[in-house]
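The same chain A turns up in both complexes below, where it pairs with chain B and then with chain C.
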Partner chain A sequence: MRRPFLSAALIAASLFLAVPAGAVPPGVGECMDCHGDKTIEMSLPGGQTVSLYIDLQAYRSSVHGGGSCVTCHADASAPHEKLKKVSCDKCHGDAGKSYAGSAHGKLRAKGITDVPGCDGCHGKHDIRRPKDPVARTFRLNIAATCLRCHKDRALEPRYQHLPDQKLLAAYEQSVHGMASKKSGLLGSAVCVDCHGNHAILPGDQPRSATHRQKIPTMCGKCHPGILDQYERSVHGKGMRAGIAESPVCTDCHGEHTIAKIGDPSSSVSPRNIPKTCSGCHDEEGISTRYALPKKRFSSYMDSFHGIAVEYGMTKAANCSSCHGVHDILPSSDPASTVHKANIPKTCGKCHPNAGPNFAKGAVHVEVSPKKAMGVFAVRLFYTIFITALVILFVLHVGLDLYGRWDRKRSGAPGGKERKP
Partner chain B sequence: MSRADLAAGKVIRMSLPFRVQHLLLAILLTVLAVTGFALMYHENSLAQWLIRMEGGVHNRGIVHRIAAVLLMANLVHHVFYMLFSREGKPELRQLFITKRDIDDFLQSLRYNLGTATEYPPFGRYGYKEKFQYWGAAAGIVLISLTGLMLWGEEFSMRLFPKFVLDLAIIIHGYQGLLAFLVLFLWHLYNVHLHPSVFPMNPSWITGKVSVEWLREEHPLEYEKLKEEGVL
Partner chain C sequence: MPEDDRKDATRDAVEREIDAALKEQVTGLPPDQAEALREKIRLRVRKEVERDLLARTASERRAAARLAREERKKEKQAEEGELFQRFNRNFRFQHVVMFTAVILLIITGMPLKFPNFILSRFVINFWGGIQNSTIVHRIGAGMLIYFMIHHFLYTVLTRDGRRDFWLLIPKPGDAKDIVHNIRHFLGKVPDKPRFGRFSYIEKFDYWAVYWGCIIMIGSGLFLWFESIVLRFLPKYALDVAHEMHSDEAMLATLAIVIWHFYNVHFNPDRFPGTLLWWHGQLSEHEMKEEHPLEYEEILARRAGESAEVTNR
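== the complex of A and B ==
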């Protein structure tokens, strides 16, 4: 449908352009007289050569394929010397402006050439619309496009603040990476969904799309139900109140490495969740600053739940089984799953007959006189009792042996010298 | 006691029913200790290895519970045997701790220190055996009760608040440790390493001890058997 229209337009255009004589810009056909030759090359000062061949077919199928070479190469004549750099800004001003403020754009403005310009991601003569499945910027191809540079380990030492290459490559194995690469799902997050495209900036800059404060909203674009729960949780409220230490999505789930809960490598898998939560909750500074209860990790790991999970019995309760996931609330909140009044119901998820007695006593048993006097006293009693008993045994045995040795030394017949 | 035994200078000290009970007790306590301590000291690398050998934390629990049920059955059988059987009733009577045992204990200390001239003569059971017996009995009862509470935790918590179960788990573990240490330091010394029996008192397998050993270690029992005309 498009082709007849394009050809008609071309014919019309060539008719109009052909009339006024003078500096006639070359048509595509004239350019192809030279650039259609597969052997055409240019020598660089370093001795390498660059092919100047243009694949006409690829150009004609590109989004710009209906135009003419001179639209971008305005200074071209036939034949010509080295042409000026092509600027896309003339037509794509907004993208150009965004790009200029990006990490890539700023470096390029400094004259560094191995960061991508427009062509780095979009290509040159073969640019396609992002909706076109063969476009470099098609959703399913974006990861490959970005990783072409960001997987290159040689790049890492050259630029400071560049994230770990391994981490970036891990995206391909992540739940998002697998969904787009393996399952071919368009809805899965690709690089640009989180980082933005032209205006891409490192996460530590406030204007970056991946800045901490923006992460929940960013993930919420695709996970709105979860965002809604998170906003009402103690973590979400803390984050919105500007507490930088309050966790955002990536603190628990990771970034490029995000995996399904069922994946053993996931930071939120039943086995890893205690470690993930205690990254903050076992941290002296954080628990002191926000008056959080202490020893949550060790008291859990010493409980039967903790031991069972540690040894792979993942149906045993982990942190989130009781405290919730995105909707975590402090136990003082009556809506919290671990509020005293709700404990029987929460325990009842796994222990069907749980009654009010489940709430009488601490779940995280912290053995100290203040927190669990009974357990502390019984343990102290046994420790003293066992120690004393062992000492008495050893003394008794020692005395027994000493008596024998003493009698033997003093000439008595060995053993017990009892009169018959 | 057969003539052949007497001719060989042997006398029966543990009858077959007691040997079976004792052997079961020894095997079951070992299984319970290995599976129990693996859980109690789960941070220790040896314990972690044990849990893996036991087929993970879930299978470990199954093995522990099977052994526990058998041990409790053994205990119940023993109680009935001691209370009602012809052999058990007089045994039980001789196991009661009396003031005499305390005096014996003190005298043995004085004797070894060199301030008493005579070692206390024991009957069928001396203070060492009686202490061992009642200590083990009390320990097994306590550890069985707390173990049952923990096994049926949902049922237990219908009756008791959670902190009672916290106590139960501590008592269960430490009582196990206590039993283990008593067996290793006290019982194994008395029946293996003690100079009068080294390397082993064979009665737990053969049921028999030498008449000579009986005369040395349990002289009152020896004299009683003589009076009864058994020897």
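== the complex of A and C ==
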């Protein structure tokens, strides 16, 4: 009960003291006279209240803890009305500039306050270095910092262009998310590794770190060996040649949902690979545009390999078992795993002692007189044979039944007889 | 010999017991009737006891049991008409092996031909996944191969096998039977054709299995031992084998489901099936109805035999 009175007395006293002191700015201790009070509040026009309490200890142990309040709050005097917005640009000009060009910065410039400013990610008085394990921007804490907003369902309806919340939340279950969250690995990719930090932009903008053209290089920062293989593959070459339809890492692996090969939900698990590849290779437009062989998916799904994989026999060959993974090359390339000369070796991975005979005949069997005469002839023969036989069977059975019915109806001898 | 002494002692003990039991049973009956009954029971019981005592080895005991079964059967026949042994035990065993194999092969094979059919996944999962299902398919294949070898040896080595094989060869008479049967169905002729031991329906069934087994086992072995086959043949030969295996499977399944199932299960005379596959017997009535020529032949042969006996 005494405190408000005490505060008021202090404020009144400091008024008398401050005026003669003139231009001398208040020290941290003076600010804490008021802001050290846990009950100090400010009421907003909406009726809510905001605590104005500042944890001195948190401030002291922050990266700016050695300074004083007025470094940032230059217009602070004791007592004071609402202060001006703090700008970090004075010291962190570069960061401020890249932030201004980011998706967040642009929206903020329009006056939307939901989007994070500096404090949204870094905190206010308790800012710590990114290397500090308790910092909001510490590698292992970044996902939580970003997802604080990006998983917030209340925000979703307000911003049309916000990426799908479920997808972003899926990061936590992805191989990268699990590695950082569950295993605590610093090397695992967190949000900022792919999206950048201050200059975050949606992936469809050319300047974005996650633009298609930049994705292989971006993933290659951590996966350089795979980037090297990819660059030499037909997909990598296509991408570098500026063909936008040529797949980059994320087209096969997914983005936030990236999972290990062994995970059944992964788009590159043995079970899902055929569907992932056929996303492009079974598409009429793409096959025609790049003169790719057609019916790759259907002919695979007709083979025992395809059916066995569909039923969950993961040791059966999927697309990548034969064609390779990041180093896929067209069969015309002598270095390709599916080049005629390399077929025995490739098949030999599963079929012991595979010899040159494996290469005699198509692997993706298309049943047509031109492509596979033998199979076509057998199928044609059986189609005719089965049809003819079934017609004869049904006729015979039908006539037998008709005869029985007819004889029974007319009471003729030889009708259905019962045992005596 | 002590063994024989022991048996004699047992026999005497049994006889004493029989006498004691009979005394109680026959009191109250007139003396001549009592004597007749006494003699009848005495003979019957002694016969049983003697036979049992004489049986020295396991095989003898089994033979004795079989003899007893047959005697009982003969007694039954007096009531139900004579039973004709159509299929011997060996042949029935082959049939059981074959149909078990074929059922296993069909239910594990068809889901591979129709992976999108709604039940396929259920059937595969019934075995605990595709890995197990392929093993079951190979077990079925092994059984079918065994059946094929067994049947081949049966055909070559046994008298019944050789006789049946000759009788199963299609003859011009079968064509006549088909025409006759169709005319009968249409009501043009009142009587159905008079079949011998095997009608054209059964001949078709037999040769369909023969053809099916050769194609399925042949192409199946290609697929089973693909690495060995590909040492000698190009990949497209394997593709052809794969296609044949798949199409012939369809044909065999349809033949079984439509032709065989109708003729032995869904046909109104037979529905829902008989136990012929188990005991191998046909009643006199069924013989007259379905295999009249064979029936007459059997009777004629018997008449000839009894004539021989009387002539002797």
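Following the convention adopted for this analysis, the second predicted complex is superposed on the first by the 370 of 420 C-alpha atoms of A that agree within 3 Å, B and C clash if a C-alpha of one lies under 4 Å from a C-alpha of the other, contacts with A are read in each partner's own complex, and residues count from 1 in each chain.
Definition applied: contacts are C-beta pairs under 8 Å (C-beta built on N, C-alpha and C of every residue); 3 or more make two chains touch, one makes a residue touch a chain.
As the structure is a prediction and not an experimental result, all values here were calculated from the model.
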A:397 touches, of chain B and chain C: first, second, both or neither? both
Touching partner for A:185 - first (chain B), second (chain C), both, neither: neither
Which of chain B and chain C A:91 touches, first, second, both or neither: neither
Partner chain(s) touched by A:355 [first = chain B, second = chain C, both, neither]: both
Where chain A meets both chain C and chain B, residue numbers: 304, 307-308, 310-313, 351-355, 357-363, 365, 372, 374-375, 378-379, 382-383, 385-386, 389-390, 393-394, 396-397, 399-404, 406, 416
List of chain B residues in touch with chain A within their complex: 39, 42, 51, 56-58, 109, 111-114, 118-119, 121, 153-155, 157-167, 169-171, 174-175, 177-178, 181-182, 185-186, 189, 194-196, 216, 219
Contact set on chain A toward chain B in their complex: 304, 307-308, 310-313, 351-355, 357-363, 365, 372, 374-375, 378-379, 382-383, 385-386, 389-390, 393-394, 396-397, 399-404, 406, 415-416, 418
Chain A contact footprint on chain C (complex, rising order): 111-112, 115, 121, 124, 129-131, 133-134, 182, 184-187, 190-192, 223, 226-227, 230-240, 242-244, 247-248, 250-251, 254-255, 258-259, 262, 267-269, 283, 285, 289
Touching residues on chain A, where the partner in the complex is chain C: 301, 304, 307-308, 310-313, 351-355, 357-363, 365, 367, 372, 374-375, 378-379, 382-383, 385-386, 389-390, 393-394, 396-397, 399-404, 406-407, 410, 412-414, 416-417, 419-420
